[in-house]
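Two complexes come next, and they have one chain in common, subunit A, joined by subunit B in the first and subunit C in the second.
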Partner chain A sequence: MISRMCNGVPPRTMALLGALLAAFLAAPWVANDYLLTVLIFILYLAYTGQAWNIMMGFAGQFSLGHAIYVGLGAYVAALLFTRFGIGPWIGLLAAIAVAAACGAIIGFLAFRFNVAGVYFAILTIAFAEFARLGFDHLDVVNASAGLFLPVAQYAHNDLWRLRGDPTMFYYVILAATVAAFILCRMLLHSRMGYFWLAIREDEQAARAAGIDTFRYKMYAVMISAAVTSFGGVFYAFFYNNLFPEQVFNISNSVEIILGPVIGGIGTLFGPILGAFVLTGLAESLNSVLAAFGLDLPGAKQVFYGVCLLLVVVALPEGVWPPLARRFGLKRGVQ
Partner chain B sequence: MTALLSLNAVSKRFRGLVALDRVSFEVPEGAIYAVIGPNGAGKTTLFNVIAGVLAPDDGAITFAGEPIAGSTADAVCRRGIARTFQLVRPFAALSVEDNVIVGALLRRRDVAAARRRAQELLQRVELFDKRHQLASALTAPDRKRLELARALATEPRLLLLDETMAGLRPTETDRMVAFLKDINRDSGLTILLIEHVMRAVMALAMRVLVLDHGTAIAEGTPAAIAHDPAVVQSYLGAEPA
Partner chain C sequence: MAYIRTLPSRRRLLAGAAAIVTTAAAPVVLRAQSGPLKVGVLLPRSGFEAGIGQDCQRGVELAPAIFKSMGLPELSIMNGDTESNVEAARTRAENLINDGAQLLVGAFDSGQTTAVAQVAEQKGIPLVINIAAAPQITEQGYKFVFRNFPTAAMILGDAFANQKEVFATVGAAPKTVVFMHVNDTFGTAMAKGIGAVMPKFNMPYTIAQEIAYDPAARDLSVEVAKAKASNADALLVVSRLNDAMLLTREMVKQRWTPKAILSMGPGWYEDQYLKTLGKLSDGPLSFVPWYDPNKKLSKVLEAALAKKYPGINLNTNHVFTFEALLVAADAYKRAGSTDPKALADAIRTTNITDNVSIGAGIQFDAKGQNDKVKDGAVQNRGGKLVVLAPQAAADAKPEWPMKPYQDRV
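And then the complex of A and B:
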């Protein structure tokens, strides 16, 4: 199994992966609380970026409303926990089911009625906005007043109930990011992965090659939604509070896609690298501004915009593909 | 020989325009069959109706004894009809090999088996050495052969070729003709082609259908067609007296 996973990966890429994993595993021993929180946020974006990449990068379906799957995952797990005392891992199963069902509804409407490209993206925004407004008036989740989880006592870590200190959350999201990476690699090299790439490249030609494009686009949306929903469960249990205005906000959807866009859409490393570059630089900027005693609300958003512009103009494929070519980290052209 | 594909009074209208007007013909199993006609005669519409891209307004299409009119393009392909496009449509950002693997995966679940089949086909169309290049990096003649390999990878019983020779130099045309004759002879693959290059039609086709303004005006052997007065008048052009 492991040897099959590594099949065809250049040795220096394996070495790099090993070194990276070791660095991540060791990070909590050297990082202070602030840095650990930043790392958790980076890994959260790397995780959700990978989930979004399944839909856009592999199957070519542009979602601008992935906050809906984060929000649904977060609310389902948080509600089960606060109302019924059901732990987050059982809650995750419910979250996956709800998010995948929501993805299936959006996908069915779009693909059945040939809503594609930009119009598909607008449809996904519309659904996320419906969810935001709907949850804002939904009493069972405390509507706009917000849903709060009992705050953890840091005395001991309870992995089963996801109550504990930031180090535990760090390892949880690190494991999830690694798992998502392995899942994405398996999907990309599978029969379905090839069909997705064909659909992304030319849907009519894909159909002429016998691919049931409706079915495989539905799989892409549902898998992407299901994977994203764990990001929501993590969000709920890490931050301990949920407001529809925040979790379903379009800025959340945009933040999810920035990592893959900057790192390289459709690549395996792009979403992870992009999350690091973007958040790393944004946090550095914050520190610099703080050091000069400047308080500029919105500086982060402006900075995101500048990064995006630079990448679109200078590196339209994203940061990862040119790096991979330069250092021989990829085999062949894919 | 029994008919693999038969069309019975197939019509297709676009608003007022009649693109196909009660077209009927039969392609025998194992044949190479050509459709010729001037631009706008309805040849590509005919292909799109057979391949499931368009549904006919009237008439019946039977493939291997079963009606297929109105099926979707992917369902038609799964039944065993593969096609190439007049303007080639390779998966541009994928490698040459991956393009063909996509086709080969239709009848296989295992990616490694599909890769082996793709490599065999790439050998046959002489693209094996370019298999790791991006499809977008290929020259126009290479793209045509790639598209042919991708269509063959789906293991069709009937291959629809939409102007595969267009834009090829005479030597390349001869290579393509030889290749198509080979696969027809070796595997018994039935081929239906739209072609403007008469040199290829005469060399390949056992029978020819001539379309003009959506109507079948003649059908027969290439030699008979070349001397049919109606065909000479509408398409081939009369020799100056």
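And then the complex of A and C:
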């Protein structure tokens, strides 16, 4: 299976992947807790960006409401944990089921009634907003007062209950990001992946070629939702508090898509590179400003805006595709 | 090759020994040094809470000069912007600690504060919360987290107690109120809280009608018409700034002046409300965490604010952020050390009576909560704010009933 997965990947790409993985694995030994927290956030964005990429990058369905799947994953797992003592890994199964079901409802409504393009994006925003307002009034999750998870005392790491120090969370999100990368590569090079690409490029032509576009778009939405839900579970157990206003907020949806947009929509490396470029450089900017004794709140947001502007104007494909072409990494791993 | 062993001279030996002793003692010297305490201040100074975060920052900027006059040790402030989100709050907390912060202050919002609290607890760095009302924060068994701000339940309880005190002072009380509230997260939570807490206080009024509205509404004429038609004696309201101004303008237009406006949230006491509406802003009562104008330090803080930021009234944001730093400076003075554990121990035994907020002073219970802090009843008077209750903090008598809007020239 591994050899099949690596099939067609240029050696220098394999070397790059290996070096990257080794660097990530070694990071906790050299990085302080601050850097580790930044890396956790980068990997979280890379993971959720990868999940969003399945829907938009592969199948061409533009979602602007992915916060709903993060939120559902977070709330389902957190609720099971706080109310029934059910651990996050069991909770994850429920979270995946709920998020996939939600994705199925949105997908069914959209694809059954030919809601596409920007209208589909608006529909996804609408659902995320419904969820935000609904959870704001849902007493079982403590409504707008917020759902708090009991906090661990870090005497030891409990992987089964996801209670522990940042290093444990780092390896969890690293493993998830690697798994999402592998899953996306497998999906992209599967029969379904090729169908998605056909749908993305020209849905009518795909339908004319005999592809059941409704079914494969539904698969894309459900898989993307299910994968995203783990991001929510991670978020809940890492930050330990959930407020509907924050979790389901459209700014979260936008944050999820920024990585792939900057890195390159539809590519495997794009979401990872985009998350690094955005968060890594923004944090560096903060450090540089602090070193010069400058206190400029909001500089990061301005930086995000400038990055987006530069990418839209100079690199409309995103940062990764030209880099991959330049260094001969294109074949195999996009 | 010839090898000549040279013994160190006595002078060199002494110098070496001194160097070793100095190096070994360095941590002790560092911990006990009299330099400024490095305090990381986490506030949402960008994002959707930027306005409030920047207002809190004013409290930070007023602190150094006042502390100096009080004989408190110097603080070295390290600012961190939480960007109004949980992820950035956690990252900034880690960053500040990594950069040497020995104590944290912040972070205004309950979600962001929870994220910061975890980092503080894990690192064993004391966190003094300036503003955050979620009760859960001090229910986690934390050893390094301290809150000098009332919990949501304390805020609501005090609000009703203060209302009753105001009614007793004026010898009158509304029989009915119309309850208007925004339908956002805050408004809905407050509406639920009021519904749950009010029965415990045996209030003299009943809620004749409840009207929820969108905080982003451009027109509240229908809602105000409904409120007026309810014939309620008073308006009980949970709003924000823009809708508070909109409601007032609509009440003026519809010639409806209730006997009292009882606000349980922001908006009605804010500077922009007072400045925008001028004489029409007079009269509403706000029940909020506030400062005691009779306390010596309040007068000092008020004077400092007026000097540095003319035209801005002292408010909750300034007061509680300033007090969080006061707790830090006081603890540092008593601990005589920047060692986080010693600081946390010192904070635990805090007993500041010369403070600003209403109540007996600043002390922390076993959970790290200041259970002595009280809310106040505040009334708008001629562009200023006076405190009516609790009695110990009052600096004016209530103006009751409200002067009709149409009689204000």
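List of remarks:
In the analysis below, the second predicted complex is superposed on the first by the 324 of 334 C-alpha atoms of A that agree within 3 Å, B and C clash if a C-alpha of one lies under 4 Å from a C-alpha of the other, contacts with A are read in each partner's own complex, and residues count from 1 in each chain.
Rule of thumb we're sticking to: a residue touches a chain if its C-beta (ideal position, glycine included) is under 8 Å from a C-beta of that chain, and two chains touch if they have at least 3 such contacts.
The model shown is predicted, which means the values in this text are computed figures rather than measured ones.
In the superposed model, A:V151 lies in contact with subunit C only, and not with subunit B.
Looking at the shared chain after the overlay, A:P244 reaches subunit C, while subunit B stays out of its contact range.
Using the contact criterion defined above for the overlaid structures, shared-chain residue A:I257 touches neither subunit B nor subunit C, since it reaches no partner.
When the shared chain is aligned, subunit C comes close enough to touch A:Q301, but subunit B does not.
Applying the stated contact rule after C-alpha superposition, one finds that A:A205 touches subunit B and leaves subunit C untouched. In the superposition on chain A, contact of A:Y34 is made with subunit C only, not with subunit B.
After superposition on the shared chain, subunit A has more residues touched by C, the comparison being subunit B against subunit C. Considering their complex, residues 189-191, 194-195, 197-198, 201-202, 204-213, 266, 332-334 of subunit A touch subunit B. Subunit A contributes residues 32-34, 36-38, 41, 136-137, 143-146, 148, 150-151, 153-154, 165-166, 239-241, 243-246, 251, 283, 286, 290, 295, 297-298, 300-301 to its touches with subunit C in the complex. Against subunit A, in their complex, subunit C makes its touches with residues 45-47, 50, 53-54, 79, 81, 83, 85-88, 90-91, 94-95, 97-99, 110-111, 114-115, 117-118, 121-123, 134, 136, 140-142, 152, 184-186, 188-189, 192. Residues of subunit B that touch subunit A in their complex: 51, 53, 72-74, 77-78, 82-83, 85, 89-95, 98, 101-103, 105-106, 108-111, 114, 132-134, 150-151, 154.
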